[in-house]
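Letters A, B, C and D name the chains as they come in the text, with residue numbers starting at 1 for each one.
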Amino acid sequence: MKTGFVGLGNMGLPMARNLLKAGHDVIVYNRTRSRAEELAAAGARVAATPAEACGAGIVMTMLADDRAVEECVYGEGGILKALPPHGAHVSLSTISPALSERLSQAHKERGQGFVAAPVFGRPEAAEAARLLVVAAGPADAIERCRPLLEAVGRRLVVIGADPPSANTVKLAGNFLIASMLETLAEAFALLRKSGVDPAKFLEIVNGSLFQSPIYESYGKIIAEQRYEPAGFKLLLGLKDVRLLLAAAEAAAAPMPVASLIRDNLLSAVARGQGDIDWASLARVAAQNAGLKS
Amino acid sequence: MKTGFVGLGNMGLPMARNLLKAGHDVIVYNRTRSRAEELAAAGARVAATPAEACGAGIVMTMLADDRAVEECVYGEGGILKALPPHGAHVSLSTISPALSERLSQAHKERGQGFVAAPVFGRPEAAEAARLLVVAAGPADAIERCRPLLEAVGRRLVVIGADPPSANTVKLAGNFLIASMLETLAEAFALLRKSGVDPAKFLEIVNGSLFQSPIYESYGKIIAEQRYEPAGFKLLLGLKDVRLLLAAAEAAAAPMPVASLIRDNLLSAVARGQGDIDWASLARVAAQNAGLKS
Amino acid sequence: MKTGFVGLGNMGLPMARNLLKAGHDVIVYNRTRSRAEELAAAGARVAATPAEACGAGIVMTMLADDRAVEECVYGEGGILKALPPHGAHVSLSTISPALSERLSQAHKERGQGFVAAPVFGRPEAAEAARLLVVAAGPADAIERCRPLLEAVGRRLVVIGADPPSANTVKLAGNFLIASMLETLAEAFALLRKSGVDPAKFLEIVNGSLFQSPIYESYGKIIAEQRYEPAGFKLLLGLKDVRLLLAAAEAAAAPMPVASLIRDNLLSAVARGQGDIDWASLARVAAQNAGLKS
Amino acid sequence: MKTGFVGLGNMGLPMARNLLKAGHDVIVYNRTRSRAEELAAAGARVAATPAEACGAGIVMTMLADDRAVEECVYGEGGILKALPPHGAHVSLSTISPALSERLSQAHKERGQGFVAAPVFGRPEAAEAARLLVVAAGPADAIERCRPLLEAVGRRLVVIGADPPSANTVKLAGNFLIASMLETLAEAFALLRKSGVDPAKFLEIVNGSLFQSPIYESYGKIIAEQRYEPAGFKLLLGLKDVRLLLAAAEAAAAPMPVASLIRDNLLSAVARGQGDIDWASLARVAAQNAGLKS
């Protein structure tokens, strides 16, 4: 299949590469052109604007935040005007349900399909084509793009016709992870000050009760305080929690644990942790307990 | 082996039964004698006081809270005076690390061994002898009691010589579960108000990211609002969080998520949910989002 | 003096009237023209666009939120293009420090002065010209507008040359009030459930310790649950807390009490309290304690 | 009048001195006898046990916490047995409503009157006999002790016949102060990071809106970071919040701001601030915002 792909960050680049590997014909765009050219060797064509990446009738976007997506879609040389009628825009980014709704309306007005298909997984998972893709949008558009979505992940779950619902699921899922981080952080601070080895605690509790690989991997990162290089930067985690809280406000559903996590992430940023892994949220709990780190 | 067993509540009764099944010789005591007599048919001898259950030199206690344990140990006809030197007291209850420390000292002064061996698991797990037992205390006492501890659980983990550390691990483990409940509660409220089915969300997120049986089982309970009969009463959950916060205060390690959970459990109690399952904590988040239940 | 005045809501209308009363020559604009015409009888001229209100070289704006101010300034027929060089824009609205900064830059580029002059006080205070005005901006612009600012309030405090600082002071001041409301709410819930009359408590504590008229007036409103008609709508309170939290995020200064208040205001909105007085925040604490209201 | 006075800490000592100044005949007891002897020069008689201080038929106690009061009342040489029938025990300490209730019952059973009369004010106020005294208990006992209570404070408020209600009012009043501290702490952190002088902010906001001497004095302490010598030690503040939260739990009335304050006080203790003034709670907010202090 032919597709455009816009946004070659540390998630987008491996995803585009996996599309190429799967035999798709990909025309890529990235604001910093050099990253796009990296992919030329692997068979990608390089576009000079997002608009140019729309020629194939399908364009996928994987961008940092709402603002970047808005610019790419509504800006000059943007997707909205360039995509042909019956074309489809597949938004893989973690964006607000509110923007997802606006994009859905805008594309519909032009006879285009909009699919929200945010992904779960860290860069390693993107490289291994092991992402979990949660998609929502018009059924025909999703079916048409299915081979592309399956090429970047190990599992594609379609949850309905309403694009923002996929974004809400993504934000709520990230919230579960963030909450696990904060919980482990607080538990570890207590255990350390009580003379119990957190790693041992986790082995016991996760080994028998939770039995979750994500508890194991993040628990280990926190126990070993191994926050660099960042798999997922703390500032990005803060961005996601901000989107979640905005969605919660729009839905009038208070989420006090999310608020608390936001405040602690903010404190981590104030202490200079913005660019290290968001698991370093644990440092806030540790320092609040009088520990050095 | 011969052992005493004190406390035949909905956890203690199946545990004592499993000791009998495993061929041990058990002398049981319960404040309400009728429950002890239930076990006579299964081969137990019935004691009239905790002291009488100490004759075998080993006594296990499985009681509701600190006060009940203190009464049984320090009270008239209590364990402390009745247990022979070199005897061992195995405390299976969820009690405060502070009481565990006091008991440890008191028994040591009399030449007795004190083992803290709190258990993870709900009544069904107790019945199936599938509990996780976390033990700490003098190595010789633990080894001596090992066959008994193995008879009630599927796994015994020894974490060291210091009894309170096992109690801290138990409280911290329960905190992980409580935090999961609160997190699911908040996420579900958002999803419901955004028109996404929480059960579907959980299937996606847990199926691929968390992959945890405990998320699955509790998630299902909350999604179906199936809070009766109670597997673990909300009031008992509140008690455990109270013990956790006391331990956190003693260690000077703030645990803001635990504080938040305490407040929400308290709100649930104020609304009459004290005797239903603690997963009904989710109702507080739902009602705070304007949902009926 | 001559001035334009844009925005005749329940704060702007009495403020414009007081300018007229003080003998100033006022040209008013309001989106819903009828409210502007109410003032014609009192001597105001009526403008058809914000631009028309800029003729005098000074224009004051008192609008609901950032979006309304942006529209009035940057939109078609807006202030930015219409205000003559050396003109001054006095922004009385409660807006974000971030927007205040953008407005300050935009006006400076055109040789215009921008003064942020948010006000403290409820509609009654606006009517009585008893507002507290906190101003920041270029000294010459403030001095030029001083007679106007003094006409709407009982006290004008100039805090510096940097406009956003006045907006931050306004948001922080509102936070003090919101926090007082939440604190009284929680204290009253405890007292009511303990059989102590909150009104009596307040009389004692405020009478001797706090001695604050604002505690007295809000305390009375809460004790009597007199939330209608709204002096300050809960939804507006939520907006202000949202602005505060955005400012706190921009400054990387966590404000957990503000987060907590936001969540409780959100819960109040979910329960249908958006249009009654924000003191009804107290209902959330009461209901969380199992009280009916 | 004749009275016993037990507990000569930094509140009790000046209170007992004021009783002497007012012409009363005081027999004092303090665990560390030297402090009692300080008062002998001022005319006090010195007792060797709390019991000895009960001879006059009235005994006032001003002690650090529940445990100290329990020991003095129920312990050997304690008040309960020594006080004659129709005697009165006036408890000035900040204790739990639960203990107040138990004391009330115990004294009633012996035909004695129990008056809870906790006081508001820092040591300077105690010295100046400017305390606010809030009393509850049997009317006849209160009337009998009125001259004594009036001698230590500037105002005596009787709130009813039920002793614990006075203790609840005291704890709720302290909560208002603690909440003000936390609120100022968070607001100041925002202001400092936004380049606004907190002292100036307070002058503006308190000068016009709150107009409260307690905001002014504590605001100044925080703005100047003048936490030593301690007027009220942070550890005592933590104790009071703990009592409040226990009362809130007993009444099933969640108080999330109190929980948050508890956690921040705990963090302050972990950082070594236990013995400086509790206004240093502000350091936690400052450090969480990345400020040094």
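Here is the rule we go by: a residue touches a chain if its C-beta (ideal position, glycine included) is under 8 Å from a C-beta of that chain, and two chains touch if they have at least 3 such contacts.
Given the structure is predicted, the values throughout are model-derived calculations rather than measurements.
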item: Comparison of A-C and A-B (more C-beta pairs in contact); value: A-B
item: Which listed pair, A-B, B-D or A-D, duplicates the contacts of C-D in over half of its pairs; value: A-B
item: Computed distance of Cα centres, subunit C from subunit A, in Å; value: 38
item: Distance between the centres, which are taken as Cα means, of subunit C and subunit B, whole angstrom; value: 52
item: Centroid distance [mean C-alpha coordinates] between subunit B and subunit A, Å; value: 38
item: Multi-partner residues of subunit B (at least 2 other chains); value: 248, 252-256, 260, 263, 267, 270, 288-290
item: In the complex with subunit D, residue positions of subunit A that touch it; value: 256, 263, 267, 270-272, 284, 287-290
item: Subunit B - residues contacting subunit A, complex; value: 97, 120, 132, 134, 155, 157, 159-160, 162, 164-165, 168-169, 172-173, 175-177, 179-180, 182-184, 186-187, 189-196, 200-201, 204-205, 208-215, 244, 247-248, 251-258, 260, 285, 288-290
item: Partner subunit D, residues of subunit B touching it in the complex; value: 242, 248-249, 252-256, 259-260, 262-264, 266-267, 269-270
